[in-house]
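Presented sequentially are two complexes of subunit A, the first with subunit B as partner and the second with subunit C.
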Partner chain A sequence: MTHRSSENGRRVLAAAETVGRGLGLGRPGLRASADVVWTVFVARLKIISRYKGAILLESFLPVFFAALPILLGTAVAGSEQNAANNFFQNTSSAGQGTSQYRLYMLLGSSTFMVVSLMLWLIGYWVRREQETGTLESIYLAPAKRLHILAGVTSYSLVRSLSAFLVAMVIGSLLFGVNPFDGNLLASIGYLVLGIPALWGLSFIFGALIMRVKEANSVIQLIQWVVPFFMGVYFPVTMFPPLMRIVAMTFPPTLMNDAMRSSLLNISSLYGPGYIVLGLMFMAAWITPLLGYEFFGLMERRIRRNEGVGQY
Partner chain B sequence: MPGSIIRVEHLSKTYLSKERKKGNRKKKLVQALDDVSLAINDGETFGLLGPNGAGKTTLIKCLTTLLLPSSGGAWINGYDVLRQEDMVRASIGCMLMGDRGLYWKLTGRENLDYFGALYHVPREVRVKRIEDLVTLLKLGDFIDRTVETYSAGQRMILAFAKALINDAPILILDEPTVTMDVPTARELRHIVKELNRQGKTILYTTHLMHEAEELCNRVAIIDHGKIIDLGTTAALKASISTEDVVELEGIFPEATVGRMRAVPGIRDVTVTPMDSGITKLNVACENSRMMLPRIIDAVTGNGATIQSIKPKEVTLEDVFIAKTGRTLSVDTQVLGEREARPRGG
Partner chain C sequence: MSKKVIVEYSRYPVAFVALFVQVFVIILLLMMSSFAFAAPGTSRNQLSVFAGMMTYGFVTSMFLGFTLWEMGFSLREEQVRGTLESLYLSPTNKFSNLLSRIFAIVVWTTVMCAAAVVLVNLLVGGLPLQNVAYGLLILLLSISGFLGLGFLFAGVTIKLKETAQLLVNGLQFFFFIFSAQFFPFSVLPQPVRDYVSRWLPVSYAVDLFRTTLLGIPPELMPTQPLTELGIVVAFGVLSPILGYFAYLAFERQARRAGTLGEY
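After this line comes the complex of A and B, so read on.
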């Protein structure tokens, strides 16, 4: 204890013995922090806008993702009516009976698009910045990592929500479904409420990529594992008990289920609305904290060894 | 007597490096910095000299908070590198990785604006600062083009502008003239001198001795993670200057060289053949001024022709050779082959 306090004292003394010449033009503060978030957000938008057609093209992906099971279901059942009847029967036994299987698939794949984009954009952002050397430039600046991440996540939020809305519009027109039959507003509300948990997961994902220095294999894995556990095309109650528990504790599954239950007017797997809302608030609070803590932990570990710049 | 604005005490850095040989993966502990201590005075230009892999960049990365040291401490601008990271970063303008660290899909102006925000420079101040930098560094022709269209030299000069965006009291420049053409590099050195004259403290790493001699008040020679010597360029040169060398160029028959070696006071004569039959002689002696008439006497006649004669000055390269036993270029190559360390040391 005495040793530590004398070491502290020595360090403070050493700092005081060094000449101080101010901070140049830098003026840290609340306004400067908000400026960091806004500037990062705008820069990301400018960069993606210079890759022609990127945002529009990714909006079509959920439509294709939804078309696959819809057409497969029709092919297996023999007709659309049979497919709808079978789907109603099977989802009823899981506690979520609906014959609107096309909207079920479209919503599932569009929601997965949001989850995928949020994770992918952050993970790929970290990796790309590492490779181009800009990550080291960011670490040289006094801006807090949280503010930079807030800028990047705001951008990924705007991008993924735009993709969601465009996909829902195109998909509804192509598959002849009407999302306004259900409570679309509540569904979007659940989507927004689920976003902070996705941020938390994306921080964990980004930290892992920074550590393993490889994005593609992790992204490839996630493209299949995440929709599987989210129950994009089926209720997760169809899983064996242990797998069901794992799937249901995964925040994107909760978000997907909440959105689905409000849009299709079916009951939630998690129980009454207030339980769903409570769980979503909890996930929105805890996951980002855990994610940011994990990011910080990984970052310190990297700085103790070879540094963030080594790729 | 100015106080120190950068202070490093017993700083060491070790890290685990993975080595792959014939399919086997081994972890190896690398000592990148070994008990480094130095102090850089407020307002001076301080040079850090050494070959690639010597530890220059590792030291700079520790000072700029990119790496956590394994032991020891450092203080910059009144702040502790380990405990006041944000304030340390705000105190420094840094050009660390050459033309890397820029967004290629953004224009030069957008890059400067972006990093200005990250350094907490207020928006209205930033706009004015960018205009000043465009004028100072003559960026006008390309500042509004995306960086992907820049030449290597243009990217370097933009990276230099980025280091100046926050007008910090300390400037850290790691091999800033690499990939620049000769006139641009000369212009950059001129600006560095001007910035120093305005009061900025500059830490400049290079393996180009003429840059260090031109810019630095004091230099530290670093090799294998240790500071080998530190002082003013004049003091370092004087420390190895035990004898004078006179350099002659011309046509010298073999007998002339033998006759020179026999002159009392001449210690050694080294012969270097050059193009078109010209030979260079380096004559080591005790006192070149006193010996010059005797050297000329010994050379003239017997078909010898002197084209030029001048005293050879000791350079920092000579200091490096004297302190390490190797030339800078050879050492860079050998070290690179022997041990792969992070870029630039």
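After this line comes the complex of A and C, so read on.
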């Protein structure tokens, strides 16, 4: 009797499991989740490997972006020497005196490229999936959104870091600056530490694109708003008080400042090194959580209203 | 077709707002950068000629940028959505089809540029503004020339597909630097000026437009302003024709290869 009831119990459990999995209630394990991240990552890399020109061009963009203020500054100051002197005096009064304005601009522009690409690639990914009608299918796939997003953001990271490295090499040769004069290792360390915050921001950006359904203009706008608030061309302490507070709470500004202070041997706008490090850890912890929460919130709202299939 | 584009735009009001904000951000970014390089104690009024050079250059860069972005991108969108091939099967005139794509954006850019000039006026306390009618004529010719580049780029988009996005970004920065859109040509190294800038018709359009409004001799041909005008006129007339033919060539090639609908 007991044997029969336990046999029945096993059958019921097996049936429940089968039904549960059949209805999509089964939870993939760690390995399956890692597989999702890896598959999305490889798929994105495969797609971009078909557009080699894009990879080449995005490495040159920071160099152009840095050349702009360098030439602009020379025009305003009258000569390169005057530009260096004036920049030193103006940045000193803003709390970050340096005459190495070329390296200042190059590092700022290359860091901006990392931030921009992280946001841009997520934004375009969401928009492209919407337009091609595959976003809804992704939502029906038995994979967590977080893992899909992790795959896409990892791909963005690899692409943006490659652009950063190539731009730094080309820019250093072109502008005649030596990034090895400063603490390059610490600078790269700060870049790596800033990545989780960028992940968080890219989730927010992706959610916004999903909501407003207009990637091009928003990306074009971001392309200028981000360098403005990051202080790519000048210390953000040159802003009026309110704008300065907004700029300094923006995680890429912190990352940019930390990288600059270590590479150019200048003081950070945020204070001593341990405060900068603490703030970076905080941004690395809070921003992704907030970003993913925001993405989830926006996603739920869209699914309740028009649905993710509309574009 | 223009009406269709305007209706499409009206469904994305965020895009319009984003474009408008973008203009102010670019101006502020560049103005603050120039303040970072100005000798301490320089008054904002002393920067007015330089600010004028930058702002009027910026106006040309806006028209060039939007012409390049909009035409290629709207075609790219049609490619991605899968409607490009159907559009080519419809009895629509190809030229007006292309032209209509930028009508709305050109009108909007005009409004934005006027707002930008007002903003800089407020920031530096008055910009030099002379020969307005002549300046506008040059701007008109320049826009016509940019259209040609837009047509060419639309063709390139059909060919290059995804890479076109970054190419247009690269082209924008290329013209920023080599056509000295935000600074005088004099700061460019002599070889760059002689072997790159002087070979770009866009440089002459930028130079003539801003020096006309500033009331100073052009930088590229200070002793031959009429020759410079001739180059700008030729650019305005020939560029759309050549650009359109280039577009047709790209399009024919894609149709023969059967890749028009591919993205």
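Everything below uses one rule, namely that the second predicted complex is superposed on the first by the 284 of 311 C-alpha atoms of A that agree within 3 Å, B and C clash if a C-alpha of one lies under 4 Å from a C-alpha of the other, contacts with A are read in each partner's own complex, and residues count from 1 in each chain.
Following the convention adopted for this analysis, a residue touches a chain if its C-beta (ideal position, glycine included) is under 8 Å from a C-beta of that chain, and two chains touch if they have at least 3 such contacts.
Only a predicted model underlies this, so the values are computations on that prediction, with no experimental measurement involved.
**Student:** Considering only the touch criterion stated at the top, classify A:54 as touching first (subunit B), second (subunit C), both, or neither.
**Tutor:** second
**Student:** Just to be sure I read the superposition right, which of the two partners does A:233 touch: subunit B = first, subunit C = second, or both, or neither?
**Tutor:** second
**Student:** Tell me the contact category for A:132 with respect to subunit B and subunit C: first, second, both or neither.
**Tutor:** It touches subunit B and subunit C both.
**Student:** For A:274, decide between first (touching subunit B), second (touching subunit C), both and neither.
**Tutor:** neither
**Student:** Where on subunit A do the contacts with subunit B and the contacts with subunit C coincide?
**Tutor:** Overlap of subunit B and subunit C footprints on subunit A: residues 50-51, 132.
**Student:** Mind listing the subunit A positions that touch subunit C in their complex?
**Tutor:** For this pair, the touching residues of subunit A are 50-54, 57-58, 60-61, 64-65, 67-69, 71-77, 82-83, 86-87, 89-91, 93, 101, 128, 131-132, 212-214, 216-218, 220-221, 224-225, 227-228, 233-234, 238-239.
**Student:** Quick check: in the complex, which residue numbers of subunit A touch subunit B?
**Tutor:** 11-12, 14-29, 31-32, 35-36, 38-40, 43, 46-47, 50-51, 132-134, 136-144, 148, 300, 303-310
**Student:** Going by the contact rule set out above, which residues of subunit B touch subunit A in the complex?
**Tutor:** 2-7, 9, 15-17, 42, 61, 64-68, 73, 75-80, 82-84, 86-87, 89-94, 96-97, 100-106, 110, 113-115, 117-123, 125-126, 129, 146, 162, 165-170, 199, 201, 342-343
**Student:** Can you check the complex and tell me which residues of subunit C touch subunit A?
**Tutor:** 12, 14-16, 18-19, 21-22, 25-26, 28-30, 32-40, 47, 50, 54, 69, 73, 77, 80-81, 160-163, 165-167, 169-170, 173-174, 176-177, 180, 182-184, 186-188
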